[in-house]
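The two complexes that follow have chain A in common; it is paired with chain B in the first and with chain C in the second.
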Partner chain A sequence: MLGLAPAVLLTAFLLLIPLGLMLHESVQTYTPGRIGSDEAGPLTLENFREILTVSYLSYFTDTFLLSMIAAIVAVIVCFPLAYRIARLSGRRARAMWIFFLMSLLFVSALAKVYAISVSFGPVGILPYVTRAIGISQNSLLAIQGVVIIGLLHYLMPIVTLSLIGAVQGVNPRLLDASQSLGASQLETHLLITLPLCGRALLSTFLFATTLSISAFVIPLILGRGRVAFLSNLIYTRFGEISNYPSGAAFAIVLLSLVAAALACTTFLTRSRRRKAAA
Partner chain B sequence: MDRRELLIGMAGGVAALSGIQPGFAEESGAVAMEWGTPYIEASRSMSERFGKLAVNFVPYEGSAAGVLAKIKATWPNPPFDFVDNWSAVFPALIREGWAQTVSVTDVPNLADVPEQLIAKDDKGNWKSIPRSKSGAGWGYAKGKSPIEIKKIDDLFSSNLKGQIALPGPTQNSGLHIVSLALAFGGNERNIDPGFKALADLAKTGNVGRVYNVFSEGVASITSGETSVTFTDASSLNTIAASVPFIPVAQTDSSMKVFLWTEGWVVLASSKKKKEIFDLLNFSISPAEARAFNSAIKASAANAKAGPIEGLSWLDIQGDESFKKFAYVPDFDYLSAQGDAWAKRFEAEIMPLLR
Partner chain C sequence: MRRAIDKAGAVLERVTVALVCLFLVAPIIALIFMSLDSRAYLAPFPPPSLSLRWYAKLLHTDLLLKAAGNTALIAATATATALLIGVPAGLALSGGHWRGRNLLTGFLMSPLAIPGVVLGFCMLLFWAKLQFSTGFLRLYCAHTVLTLPFILRAVMGGTDGLNRNLASAAESLGATPTRSLVDITLPLIRANIVAGVVFAIAFSIDEIAVSLFLTDPNITTLPVAMVSLMRSSFDLSVAAAAVALMVTTVLALLVLHLIFGMDRILGRGQYG
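And then the complex of A and B:
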């Protein structure tokens, strides 16, 4: 236990102190025209009251809903890819795929976002796609779609790499045994592979959702100012209008919601596992 | 000791233990914050011609007001000695006590700059060194915009679906909202008509993008995504380099052009004030002011620098014309409205854009 002390102390300093400062800032008073909080002002919950109004509901739904959709699609699309890569017989081919996926992470996020912006902009394929499905390229649905594509582009290499390890952890003999006992490939996949990868799929989904929720540049550029995430509002508070208390309150609310969602999902999964074991 | 001091003390202790130091200005030279292209290149050239002080010009990231957060976080040891900014941000720099007082003794070329262009504190002390007069207004990409824009009502035309790139509420300190307010009977102190018009504009479906970074607005127009925007002279110049772009000026009294001053503020914390004043005095000399403002496409604040080509839309002569087509808002008042206007935009306008 003593050996863990430095790590615990370091985590406490790097995580708890900034969090404490943020929490303290979130209950400070802000005076318009000044930079940051009014240190002489009284403590207040006004910054939280302001956020928890109907006006800001769309920012919360955009942030959480689009992030979850992107994470679900990423897991669905990347799992077969990860499975294929993990089951490649040649070590070199597997290494090449992993190298390719890793290299995608090193490309500038801004360059990728602008590439998507141009590809799905008025001179790209968006007008054709929106015309084909009968919506305006200026519609909210089209913009939300492009934001999800941006999030997917960001998530896919990370999700695939995460799932490769999970698939490699499944003993291939179990799959052989299933098929030798008469199960089809599909039945084997649905009844053996998926359940064995279930925890990894769930944790990858949660990880991808969390990454998407904290995305900043993607909604900033691809959201065309009409779809904005909470991270964009936090930036505006700190970087544009210098209302640090309001920005800190947003950050605390966002962190609390993400932590609550993670805790709920973990709790539900554990209780399901306990029931199954019983 | 209160909680804040305790928390900051703990953070400081960690920083001290780990050897982390806040960013200080370079020992051998000075550090300045400057706008990106073309400003930063023009300033670097000027500094090289001066040759007596090494200056590291650091480009802005984000908005003009973004520098305030950086100074606040590091004061009294900010990582800059002097910063470029404009009329809307000078009041905040002055209010926080960060701007060094300057006089004709420190910067003799200020004698050639009209005094009304110099930012002052409550006691009348000079706090800025103006280098440019610039402005902003509505404009449209010729050939891309479905209609010619001549008056404010044109923005509401059903032919402009998705064609307007609307600046976010904090861009240019919300002058586009003031523009709408002026056209519908209000002003910066009576902004309700502006927000009502903005809500009506949002309902038309004409707003294709809301941008919070100038480069995003420029890219939106030059890529053809949108064709109408409210922009400042420098961004207009950048757009015009790619697509024919027409500033709407002196066509109708509902389309006012906003005018302001840009210039330097030397931070009171700097240890090289004398050297910096000498550099900035050189920078606003008639020849240098002319070279710099020609590069960034703005009018020189120095009256002896002469007119700059290509800025006729900002050159509104005569009291009658000025009253009809131009407007100089109360920037001190504007600088305290960012928070309220941003929240109002988020709560009232954004839902209508969905």
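And then the complex of A and C:
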């Protein structure tokens, strides 16, 4: 029990107090030209009210729409790969796949973003693709596409690893039983495997969405200033105009959204475990 | 008919798997080629000829070299601190079920769930209120809090799969709790702890959203320096630095894999 003390104290000191300060900062009055808030000013909810105005709508839609598109695509295209790896019988082949995915997961996120920017960006295949579909390579749609590709590249290894766990949780004897009773492979897949993985697919999707909502470098580099997530807006509030109260208010909104998504994910995983235990 | 559909399904599955792998690997290979580009500017792929000029330039870019040194120092000191306080905490958290255990675990794990920008911003406010700090202290503290969850998860994962009877046996044979911890429990979860340390270091040397808020003119980390170069210039020494960062991580993971086997750390599930 005593062993916990340093870890708990350190995290409380370096996490809870700063979060409390941020909450306090978010209700301060902002004076233009000043760095940080004016302590003497009255407490206000103005910073939160400002978030609801139309001028910030595009940050929310970019963050959520692009994140959800990337998460859905990642779950769909990674499922076959996860299924294949989970059902591999050879130990060596499996070990190699897991190593491959773990390396991709931990390889510098910055290197991956730069890799996407040289291969899919303006010096890569982007001009060919945009010319083929007849839009400009600097159009919003093209930039949003590249950001989605960056998010996908970031999400796919972790989505696959998490889906491997889901497929492993399906008893292979159920699949044998279904096929020996005359179902085709496709029917078995659609009627047995997918329903049994349903909750896991949903919780992986939510988890992937949460991860990409928090993404920072991907929209910063690939968005070329045209596409920006909430995280980028918070950084701009701090770095370029020093409006700390507004930055703090946006940070609290982002934190609440991520916490809500994580709570849903935990709820889904918990009830799945309880069902498996029953 | 059924067989035809099954066959088509199998082909579709194979094609999807192949495309996913291609998508994951091709950009990284393209990056490696671009870092070997002999042209003096960022120009369309593929490079007409290869050279090591960007790597040579990297070795003469003081900003990046100094930043790389800082990054290594911060990763090493922060991970060492996290290890020192994380192993006892992980052992305490995995000892039995008591009230508030899940809550405390969630609290200690939360730095990984909170968006990096939010963490960086609130830590900046904290240090600004304290009015005394150096860039190194700020970065070291932040990275310690961020790497702690990796160590905790490793220790808790290791003790989860452990046969509790072993420690009880040692104690019934007369070993003190300390002796049974040092001689039985810690050696059995060594692989997990080493994996946790490697993941923690890999995370720390790549961390950017939090560090961006905490650097100052005197100290910067490699990823922060790389992002500012990426946004301001079309210089390919960033590509060379990215490849160097990548090779470091993959080598560390490869050593870990060859010694312990990454798949064993992940587990096979109940039907494996």
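Structure notes:
One rule holds for everything that comes next: the second predicted complex is superposed on the first by the 237 of 278 C-alpha atoms of A that agree within 3 Å, B and C clash if a C-alpha of one lies under 4 Å from a C-alpha of the other, contacts with A are read in each partner's own complex, and residues count from 1 in each chain.
Keep this in mind: contacts are C-beta pairs under 8 Å (C-beta built on N, C-alpha and C of every residue); 3 or more make two chains touch, one makes a residue touch a chain.
This one's a predicted model, so the numbers in the text were calculated from it and none came from an experiment.
The superposed arrangement places chain B and chain C in clashing positions on chain A.
In the superposition on chain A, contact is made by A:I17 with both chain B and chain C.
With both structures placed on the common chain, the touch criterion links A:R226 to chain B but leaves chain C unconnected.
Of the two partner chains, chain C is the only one that A:A109 touches; chain B does not reach it.
Looking at the shared chain after the overlay, A:S214 reaches chain C, while chain B stays out of its contact range. Of the two partner chains placed around the shared chain by superposition, neither chain B nor chain C is touched by A:S256.
Counting the residues of chain A touched by each of chain B and chain C gives the higher count for C. By the touch criterion stated above, A:P32 is placed in contact with chain B alone, chain C being left untouched. In the superposed pair of complexes, A:T61 makes contact with neither chain B nor chain C.
By the touch criterion stated above, A:A7 is placed in contact with chain C alone, chain B being left untouched.
In the superposition on chain A, contact is made by A:R94 with chain C only, not with chain B. Chain A uses residues 17-18, 21, 36, 114, 118, 123, 220-221, 238, 244 to touch chain B in one structure and chain C in the other.
Those residues of chain A that touch chain B in the shared complex are 13, 17-18, 20-21, 24, 30, 32-36, 39, 50, 53, 55-56, 58-59, 114, 117-118, 121-123, 136-138, 140, 220-221, 224-228, 232-233, 236, 238-244, 246. Residue ranges on chain C touching chain A, taken from their complex, read 2-3, 5-6, 9-10, 13, 16-17, 19-21, 23-24, 26-28, 30-31, 34, 42-45, 85-89, 91-93, 104, 107-108, 110-111, 113-119, 121-126, 128-129, 141-142, 144-145, 148, 152, 199, 202-203, 205-206, 208-209, 212-213, 223, 226-227, 230-231, 238-239, 242-243, 245-246, 249-250, 253-254, 257, 261-263, 266, 268-272.
Remark: chain A residues 1-4, 6-8, 10-11, 14-15, 17-19, 21-22, 25, 36, 77-78, 80-81, 83-84, 86, 91, 94-95, 98-99, 102-104, 106-112, 114-116, 118-120, 123-124, 152-153, 156-157, 160-161, 164-165, 168-172, 184-186, 189, 210, 213-214, 216-217, 220-221, 231, 234-235, 238, 244, 247-248, 251, 254-255, 258-259, 262 touch chain C in the complex. Chain contact summary for the complex, chain B toward chain A: residues 3-4, 7-8, 10-11, 14, 62-63, 65-66, 68-69, 71-72, 91-92, 95-96, 161-162, 166, 168, 170, 205, 207-213, 216, 219, 223-225, 335-340, 342-343, 346-348, 350-351, 353-354.
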